[in-house]
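Heads up, the next two complexes both have chain A, just with different partners, chain B and then chain C.
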Partner chain A sequence: MVDPLIATIMIIAGGVLVGVCVHFIPASATGAMAAATGIATGPSMLSAGAGLTGIYAAAYSIDSGLVLVIVSGAVGSALMLLITIFCGNIMLAFGIGAPPVSGQTASGKSTFGGTKDIITGFEQEGYASPGTDGHGMPFQTAVSGTIGALMGGAGGALVFYAVYSMTLPGIATENAVTLAGIVAAGVFLINSVLPAYVLVGKTEGMFDMKIRSMHRTFISCLVTSSIVACVIYAISWLAVSEVIV
Partner chain B sequence: MAAIPLLLGTALAGFLAFLAGIFEDSESNAGSASNPNSQVQLAPQIGNRHRYFNKAISGEPPANALWATTAATIAYLLTAHFGGDAFSMLVASIIGAAASTLLLCAYGVLSHISRIASMKNFEQTLYWDSLLTPLPLDAAFGFLTALMLTLLAFAAHSLLGNPFSVPLLAFFFGITIGAIGSSTGDIYYGAERLYQHYIFGSGIPISVQGDIDVKGEYGYRNSVDTPYFTMRFGGLVTGLAFGILIFLDAWSRLFTFAGVWTSVIVVSVLVLIILIFIYLLEVYTRKRYGRYTED
Partner chain C sequence: MKEIQIHTLFGAALLSGIAGILLIGHGISIGIVFLWLPFLSAANSVRGMAKYGLGTGNASIGYWGTAVGATSAFVSSLPFSCRSTPLLYVAAVVAISLVVGLATGVLADKVIRMKIPRIELNSAVIAVSTALITAGSLLILGSNYGLYPFIYIIITLAVLHPYNASTGAGENQKRTLMLALVEACMTTLAIGIVAMLVSGSAIPISDVVAIVVVSACGLLVAVVAWYRLVKSDIYEIRWTGYSPAEH
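This part shows the complex of A and B:
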């Protein structure tokens, strides 16, 4: 268990991690029409899906200490995201009949420049369907998504463990776990939606120029998470001190 | 050797998740509930009067979380109040799923009517048959999704030993299945089924978006035909994605070779294996389809 004040800082750190992770997860709503690179849904909701899977996985290890909870959350989240990317690419390959290609990289607007996949070295130019901004999830975006999911899962698990630590002295263990799960899911949803204002529905992860706007997400998530963390701290303190029962 | 409930729970959870994925994708396609609803919404604006059921109430993850949590809460309260065995849990889940289906129907009808009404300026007509014919089908898939997720939440709680309460697990599964469903199955609906008159082997250019198929194999296309088409591939892959996720997550906890860290090690290895599969699939598609050439 951790001290309530440290737990409050953990909630803020977790919230910021969640917000930042969304920038790394390639997602685009128009991906559903295979008209843009990225997983075919809004970045925020996809991150929420991955992050909550991480919290679900982390819950199994709640009694095994902070480090295991964080790592379980991170890898659980990465597993969800990679399965989604793999199945999305299967759908694109056999349902639509097109290869995964990064639109930003193909047009030379990638963060690192050039028209090749930075990890595999595959040429991207010429593979995108005419009139589209790429489709599917090429390998570099899958790696970026994995990094994002690891961060998001770790952030969610951090919040989960912090709230569990704060509420455990006041209520029964099984109630504390569920309450921590609800609060962690809430903090996750709040912070995963905030980057939507910067990403406006589409990102290719760390290979998208929008990654350079991450400081805005960082600041907004820091402010929001601080407020949320203070509220959680206050309510937990009141509950544990039996001021409210 | 893992305990019998854990083995049973792993297999059952994987199977229920697989079914839930198929039903969820079919439900979202029957009601145009996810990202491709933008295309159905756009169609009248470029002169395509359609007969699709368009009931996007919210994003797919929150909508499914709502259905699943409603069903699971009712089921959990019924079992907590009356007690009983696995059979009574099943009956309670059916009652819970039926209640959440009523909610889905109410929201679906209001959502479709208001969405079509907002297209009045573009001469989109509110066809009653395009609402009343797909609604029972959509509700049936919605019912099955909520039922599967509720049973999955019970299985995860009682057989797999997840410490979260059943309704919270159902909420988590609802968000996750919505995220997976709208990321995988929707591509088949949005880029293939709605645009079958465009040549296979290409994404849908932004310039033609909204030019969806309004006529089908015979007569006007409607939302009853859609799941019949998408379930053969889109639904199966969605089911596979969610089923594999739940199964592998539970499966990783069957081993004990590294103490409490076993699950993390197994999942990390799985993550690396899937990354390799993603790479191999990309290599295959690039060789198979190649660059786009001028025809």
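This part shows the complex of A and C:
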């Protein structure tokens, strides 16, 4: 268990991590038609899905201490995202014959410049179908997504453990786990939708130029998480100290 | 046709929601019908935000707004007993959801520069309305923590779906709000059925049956009214259904 004040800071840190993670996860609604690089859904919904998986994974190791909870959440979330990327790539490659290509890199507009995959060195230019902004999830995008999911899962687990620590003295263990889970999911959804406005529904992860507008996400998530954390702290204090019954 | 203003609908929803919670808190479970108006108010604000073309769509707005509202109601149920001090509980729920909803809206407007008119007002309205609905549902279902995710999801769907289903050519507020009423009745019906099934429900079985019957009647009336609106609107869009001689 952690001190309530440290738990409040953990909620703020977790909320910010969740917000920032959305910038790293490749997602695009038009990806469903193989018209853009990224997983075929909105960035915020995908991040929320990865985060919720992380919270479920974290809940299984709630008795094993903070470090294991965070690691469990991060790995659970990353696993979910990697499986989604893998299955998405299989369907796009073998279902409609579209190879995984980064649209931004193919047009030379990626963060690091050039038209090659920054990790594998595979040429991207020429593989993107005409009229599309890439398709599928090439290696660099998958790596970016994994980093994002690790951050998001860790953030969700941090919030989960913090709320669990705060409420445990007031209610039974199994109830504290459930309440912490749903509150962590709430914090996750609040913070994961805010950056979606910056991304305008599409991002290729850290290789997309939109990563440069991350400071706006950071500030908004910091303020929002701080307000939410203060409310949770105040309410948990009221509940635990039994000021009002 | 003149549209209902956000302020008007929200004011009515706030009063109606508080009245509903107080009625349920004092043992009159049928007061759940007063929670239908907050559903309409939240769905109207989802419409207000999403019709300007968000990058992320209706689903995210619904999830986001309900996350603020439901989380406020869930955490408020910890220190304030919703049964013994319903007035204090509803005051805490409204205050917390209003502050967090307004703050996220202002941030989305000023920091992220969304440029959506009245985004702060709409996000606050969704948060407070969904918080009131969650609080009412908690009063019916009792402090059964295992049902929290169910309450959250069922309210989210009822709030985000009306505009999502109605959007497109010829969308109008009247039809969207009527669909919201259909889904509000459907949601309270589901809450009633779940209250019947789970053990440790906070209210007696006769009250639960009353909730189910009233919600089912409301659903029937709302579906018929909504279907009529759909049929008349289809005529406007497709220009069919009248003989050529009339035009």
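By our rule, the second predicted complex is superposed on the first by the 243 of 245 C-alpha atoms of A that agree within 3 Å, B and C clash if a C-alpha of one lies under 4 Å from a C-alpha of the other, contacts with A are read in each partner's own complex, and residues count from 1 in each chain.
Quick note on the criterion: a residue touches a chain if its C-beta (ideal position, glycine included) is under 8 Å from a C-beta of that chain, and two chains touch if they have at least 3 such contacts.
Quick caveat, the model's predicted, so the values are computed rather than measured.
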Combined model on chain A where chain B meets chain C, clash or fit: clash
Which superposed partner A:Ser220 touches (first chain B, second chain C, both, neither): second
Touching partner for A:Ala29 - first (chain B), second (chain C), both, neither: both
Touching partner for A:Gly170 - first (chain B), second (chain C), both, neither: second
Touched partner set for A:Pro99, first chain B, second chain C, both or neither: first
Contacts of A:Gly15 with chain B and chain C, given as first, second, both or neither: neither
First (chain B), second (chain C), both or neither touched by A:Met45: both
Contacts of A:Gly126 with chain B and chain C, given as first, second, both or neither: first
First, second, both or neither for A:Leu68, with chain B first and chain C second: first
Touching partner for A:Gly205 - first (chain B), second (chain C), both, neither: neither
Partner touching more residues of chain A, whether chain B or chain C: B
On chain A, positions contacted by chain B and by chain C: 29, 42, 45, 48, 174, 178, 181-182, 185
Parts of chain C lying in touch with chain A, wherever the complex brings them together: 54-57, 59-61, 63-64, 67-68, 70-72, 74-76, 78-81, 84-85, 88, 96, 99-100, 103-104, 107-108, 111-114, 145-146, 148-149, 152
Residue ranges of chain B touching chain A (in the complex, touch as defined): 34-36, 38-39, 59-62, 161-165, 168-169, 171-172, 175-176, 178-180, 182-192, 194-195, 200-209, 233-234, 237-238, 240-241, 244-245, 248-249, 253, 260-261, 263-264, 267-268, 270-271, 274-275, 277-279, 281-282, 284-286, 288-289, 291-292
Interface residues, chain A side, partner chain B - complex: 27, 29-35, 39-42, 45-46, 48-50, 52-53, 55-57, 59-62, 64, 68, 71-72, 75-76, 78-80, 82-100, 120, 122, 126-135, 137-139, 142-143, 146, 173-174, 177-178, 181-182, 185
Chain C contact footprint on chain A (complex, rising order): 29, 42-45, 48, 167, 170-171, 174-175, 178-179, 181-183, 185-190, 193-194, 196-202, 216-217, 219-220, 223-224, 227-228, 231-232, 235-236, 238-239, 243-245
